[in-house]
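Every chain is named by a letter (A, B and C) in the order it is written, and numbering of its residues begins at 1.
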Amino acid sequence: MIGNYLEFNVFFDIIGTIAFAISGAILGCKKKMDILGVTVLGLVTALGGGFVRDLVLGINPPKMFQNSTNAIISTVFSILVFMFFYFRKNFQSRQVISFMNEFMIISDTIGLASFTITGMATALSLGLDKRFLLIFVGSITGVGGGMIRDVLAGTIPFIFKEQIYAGACILGSIVFLLTRSFLGDQVSMIICFFTVLIFRLLAVKRNWNLPRISD
Amino acid sequence: MIGNYLEFNVFFDIIGTIAFAISGAILGCKKKMDILGVTVLGLVTALGGGFVRDLVLGINPPKMFQNSTNAIISTVFSILVFMFFYFRKNFQSRQVISFMNEFMIISDTIGLASFTITGMATALSLGLDKRFLLIFVGSITGVGGGMIRDVLAGTIPFIFKEQIYAGACILGSIVFLLTRSFLGDQVSMIICFFTVLIFRLLAVKRNWNLPRISD
Amino acid sequence: MIGNYLEFNVFFDIIGTIAFAISGAILGCKKKMDILGVTVLGLVTALGGGFVRDLVLGINPPKMFQNSTNAIISTVFSILVFMFFYFRKNFQSRQVISFMNEFMIISDTIGLASFTITGMATALSLGLDKRFLLIFVGSITGVGGGMIRDVLAGTIPFIFKEQIYAGACILGSIVFLLTRSFLGDQVSMIICFFTVLIFRLLAVKRNWNLPRISD
């Protein structure tokens, strides 16, 4: 059972790692960082959520240090992103920026969705099966890397300025909790993944808003 | 003995949680966040200090995940704060803002005072009874949540711009250490609570300043 | 062997602590913080890297709480820095600022170099001898305190705006890994120290740049 979770985990973990590394690297490029800064921001975004999750769950040293696959993947993809934008600088800059923004939102959302799952799967693989803990750990793993990315790059975190960001994680976790008893954990996790993904992308596209205090 | 600390703890822990959730939620409202952003900022402020404390003391998983009472309380109070300001938007905005500022300073100070105590009480309940550790853990638990709140909301933390902020925690912890041997731990903690509270509120009201380098 | 590392450690640890405390305190003075804010920023910069390292390596409670020597040293040096600038305010302010900047870069680099070593030495003293882990832990210990300092003071961290910052740590760690098998750990660590130091100071002086995306 534990083995199952972990194997299943690996796939979404890699997807999330790549997606977040890309989103971190894109933000670094937008902020005109150099190639190393871009790589560090990619690494921090990709590994930050899992790092916070492992601190919370008491996994020492955190998984990122037990197995450097994710660190290597993040480094490679961050450098690829940097090179992509570096050699395209002759493009219309407005066009490149709008492409960057869209691509960053998509990769950020994929990271959000897959890390929500790996967060919950990691807790379950340790035998921690409490509802609130699962929602918490799923959401923290999902939003943690992006929050660290935004704080380090000097922007207000996505979670506070975007519509329906952490909301998508929480909704996905709840969908997982509601469906797992009759669909099994693995199917429910896939449903959770697509719930987070579709819900946030729709929210961005349709400009859904939660109530906020106006002037 | 340990049981005593923990029971005693619970009361101040809840007070601090409510006060910090309110201060986080108010800052979220001031920054025009939506209802979920306001709730997340409330949660982070309320649970952040204890989270850092538990990391420091090696409590795994941190207490916030063992017992979700505080998370629920924070969520409820953050939503209440949001609704309060949401339905009052027809008020003179200058009046509302000045009310927000005052209310935030008061709730922040109550959180500061109660979390200074719970920080020290948690260390003592683990049998860690060293002077420097107690001052450190008390102060970190007190200022941690507010620092995370301010960093996430994109403001310079209170601790650096306010007069006498961490100073109040440190003073309170020292008062506790000086009085506990002849008044007992519990009475000294209550004295510590009021020391932090009164000292910081007086400092804000009278505009006390520590020396700083002028231009 | 473990004892050797730790003893050897102590020397560079104190050098790094003093240097980072000074760099934090100088930034606090530049930002017009009061004496307590300056001290807190000095403390956080000096102890932050080791704190993150200890969380990563699972040392509970972190070393800074087991032994308060470093906390005391940081406090003393932060106050000395504050007093130095406080009583020199009659100087030409442009002259003082340029002196501050230079002195901060030098002390920051010394901290970077010595904490890269202590990071690796701490991992080795726990029997953790994997290449990637050593580079990671060395670099995180080196850059961690400065990153926390910059985030708290509301500036984009050095690591993202400076040329060759984390790069110097990574280079130093690699030099250590390459030379240790034939020079022994202690000599290699000293070589690592000077590699980080000289490489970053040269990079700042000669204004070396890594590729970055221009407009």
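The definition used in the following text is that a residue touches a chain if its C-beta (ideal position, glycine included) is under 8 Å from a C-beta of that chain, and two chains touch if they have at least 3 such contacts.
Bear in mind that the values here come from a model prediction, so they are computed numbers and not experimental data.
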Graph class of chain-chain contacts, one of line, ring, star, complete, other: complete
Fitting chain A to chain C on CA atoms, where both chains share a sequence, rotation angle to nearest 5 degrees: 120
Centre distance in Å when chain A and chain B are each reduced to the mean of their C-alpha atoms: 30
For chain A, residues that touch 2 or more chains besides their own: 55, 151
Chain A-facing residues of chain C, complex: 55-58, 128, 132-133, 136-137, 147, 151, 155-157, 159-161, 163-167, 209-215
Complex contact set, residues of chain C against chain B: 28-29, 31-37, 40-41, 55, 60-62, 65, 68, 71, 82, 85-86, 89, 93, 151-154
